[in-house]
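Okay, here's the structure, questions in a sec.
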Amino acid sequence: MDRFVYLTFDGLSRGAVYAAFALALVLIWRAARIVNFAQGAMAVAAVYVGYSVTEKTGSYWLGFAASLVFGLLLGIAVEKAVMRFVDHSSPLNGVVVALGLVLIVQGVLGILYGNEYRPVETPFRRDAFEVGGVALLSRYDVFVFAAVGAVVVALTVLFTRTPVGLRMRAAAFAPDVSRLLGVPVGGMLTLGWALAAAVGSLAGMLVVPTELGLHPTAMDVVFVSAFTAAVVGGLDSPIGAVTGGLIVGLLLSYVSGYLGATVAPMAVLLLLVVVLLGRPGGLFSSSKARLA
Amino acid sequence: MTGVLQKSPTRSGQTLARRRRRVPPLVPIILGALLVLALTYVLPPFRNYQLATVGAYFTVTAGLTVLTGLNGQLSLGHGALMATGAYTFALAQNRWLSMPLSVLAAILTTTLAGVVIGLAAARLRGPYLAGLTLAVAVVVPSVTSTFDETFNSDMGLSVALDPPPGVVPMEQWQAWLCWAGALVTAFLLATLVRGRFGRDLRAVRDDETAARLAGVHVARTQVIAFVVSAACAGLAGVLFAFLAQSVSPGAFPLTLSLFLVMAIVIGGLGRLVGALLGAVLLVALPALAQTASERSGSQHLEGNLALVIFGVVLVVVMLAAPGGLASIHTNFRRKR
Amino acid sequence: MKAAGLDEPYQKRTPLLEVEDLTAGYGAAPVLHDVRLTVRPGEIVAVLGANGAGKTTLLRTLSGLVRADHGRIAFDGEELRGVRVEQMVRRGIAHVPEGRGVVTELTVDENLRLGGLWRRDRADAARALSEVYDLFPALAQRRASAGHQLSGGERQMLALGRALIGRPRLLLLDEPSLGLAPMVTAQILALLRDLRERTGLAVLLVEQNVRSALSVADEGVVLSLGRVVTRNSAADLRDDAALRHAYLGF
């Protein structure tokens, strides 16, 4: 029972990170109808930048901030320089271009930093406090919850309470009508990419220290988990992405805890297959086909 | 000439058919085999090894271009299918030491894996299919750690092989076998896509509803396409294991799957010549990048430079082609 | 309140919109050929014609959604060609597109606020919002409903109300009667007359329903295969039996 409680908190903590990353995927999907397969690579690039800044200055928080800012700028650059010009007649076009970006980012990172795993420090201790003799969660887990919670609240407020959020939603749902009402649709799209990339960078900063370490391909597995989370929630739904993230996190934690860590990736694959074939619109929607 | 063709579609169809009958796919295949055979006698061992690698890559890109180019299904999981073939081959070979048996076992296993993924794929479209196959590509290598007694984890397995017959040098022998596999695959694929099945593939790619109304069994066509291309990937995996004389998860990373997609897109989707061109690029570009990085003396460039070049070329090709992937294969049809 | 310069009859006012030799379309084949028309402040001009005559393309070209190949579009004396779509509202042009363009995922209130987001004068935007709610009490009751929950008539009111929040000088209105009950159509057309009386709003109205369009319009422009075949007063068009048979089908 103690172990179950521990694994549950551990799973929620992992899940929070997947939720953030899935949220980033959903942001871009809603705005541009592109699943950003380069999200993982972009996040790793931002983490490398944060890592470098931390190494130079000795401050984790400067590195943390640098990573988010770099993520934001990378999102803008990717949208303005590449994604804007992708032809939308087939959804595969965006996918293939994103894959090209993955190769570029991973290659550049390898050239700049080499292909060794680098250990990354966490700002807080990762050993769990005990409550009544049961290990619950660590200071780092608390930090993860706080950071992801802040992002979710901030995005919710942005989208539902501010004029910019209203413009962004309108631009995503009805671009032509929005332009007729004076909404700069292209700018809103760029903003969406920037926000998504920054959220992805945050997820990267949070998850990389808990995995093998920093490496150009460090986010590949995380991307698969987050994509699964987004699909579980239905690609269109931010709430679904958060819920899906928590579900995937719990699944990974229980499977790793009871069956062994190497089985976990297969469990995610299985979940993805089951959801894709069983609930074509995600667990929270009613649409019928995955005709994206 | 093209003007005439456009004005009378029926006659142009007849012309094409007649031309096809005149040049059966056997002729370019035999010419290719002779060319490869001749080359293996003049090339130094290392070049023969590269030639063999081109053959192995061509085996998988040929199958992938049929799937993605002719049928419109994007698979990012073909690297994992190659790993499946390679591991099956290694295990079978180490037990029985009989090449034909091991190759057969490998192709059968991969075909089976292709059926499973293909059945799922037939129900998925666009980014969902890409995401699922990406997950396969990322997750499958981790299987080697789960069942480490069989697969020996990250260390991989060595492959027991008979020595080449007679006095044939190893590299030449490798080139022969790889190209035998590649050309047989190309011949079978060319034959397959010429007939009714090829028409069905294109019909499903261009408009599923219209294809269904015209009596094409859409799901079945898609599953068969996936299975065929999976079998090709399995054979390519065998050839990779044969070339390296070992298998390990590190030989089949996600980037391999991405490279394969890049190769067929750059080569020109949906045609075997494009797949061949892509396979040549997959060997030539890293070799050039390697030379460049050795000259610059930077260790970090090794491997990574090729990654960057591939990525840039892929993005540029996609953005430059109006309509993206679609125009890459339409252009081809016009040229033909 | 009457807008300035509206005391004289509209025929004598300086034109608000002047279109000359406008050719436009999608890709290589133009849909519109050498279209000419004029809209004066406070005037309602109906664009009539069969399906495929180019009526919707004309409105889309005026608001910049379709690029004009050549010709002149002068609004208040300034060239509109090359002005970005996003800027049209700022110039005083509101386009209610075919199918009404309600953002169905947003609520009624969000749709209406969207119409005023571009305005610097926040106070007046808020005032305009409450005026629209006064004008359409049905919308006020459904403030929090999502666009997809509205009836056809409510959607038309919403689209029209949203356009009015920008306090436009020219309204491009595409098929307002589409799919609406005759009663509702009559209400909306009456509203147009009322608006032009009170605010001097000029309207370019595209309609399939020729009778109701001519009942409210001052002038009519008949398009056929992308060309203007007749420009005349609405009354004359109503009486011209030959023309009605040839182009308007009644």
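For clarity, chains are labelled A, B and C in written order, and residue numbers in each chain start from 1.
By our rule, a contact is a pair of C-beta atoms (placed from the backbone, for glycine too) under 8 Å apart; a residue touches a chain by one contact, two chains touch by 3 or more.
Chain labels with UniProt names: A = Amino acid/amide ABC transporter membrane protein 1, HAAT family; B = Branched-chain amino acid transport system permease protein; C = Branched-chain amino acid transport system ATP-binding protein.
The shown structure was predicted, so the numbers you read here are calculated from the model rather than taken from an experiment.
Peer 1: Chains shared as neighbours by chain A and chain B?
Peer 2: Correct list: empty, since no chain touches both.
Peer 1: By raw count of C-beta pairs in contact, what's the busiest chain pair here?
Peer 2: A-B
Peer 1: Nearest chain to the global Cα centroid?
Peer 2: Centroid comparison flags A as closest.
Peer 1: Quick one: chain A and chain B, Cα centre-to-centre, how many Å?
Peer 2: Chain A and chain B have C-alpha centres separated by 31 Å.
Peer 1: Nearest whole angstrom, what separates the Cα centre of chain B from the Cα centre of chain C?
Peer 2: Result: the chain centres lie 56 Å from each other.
Peer 1: Rounded to the nearest whole Å, what is the centre-to-centre distance of chain A and chain C, using the mean of the C-alpha atoms as each centre?
Peer 2: That gives a centre separation of 44 Å.
Peer 1: Going by the contact rule at the top, pick out the chain A residues touching chain C in the complex.
Peer 2: Residue list for chain A touching chain C: 163, 166-167, 169-170, 173-174, 176-185.
Peer 1: Which bits of chain B are touching chain A when the two form their complex?
Peer 2: 72, 74, 76, 120, 123-128, 130-132, 134-136, 138-139, 142-143, 145-146, 253-255, 258, 261-262, 265, 298-301, 303-315, 318-319, 322-326
Peer 1: Using the touch definition up top, name the residues of chain A that touch chain B in the complex.
Peer 2: 34-35, 37, 82, 85-87, 89-97, 99-108, 110-115, 217, 220-221, 223-224, 227-228, 231, 260, 262-263, 265-266, 268-269, 272-273, 276-277, 280, 289-292
Peer 1: In their shared complex, at which residues does chain C touch chain A?
Peer 2: Interface residues on the chain C side: 63, 65, 85-90, 94-95, 97, 101, 103-106, 110, 113-115, 117-118, 162, 166.
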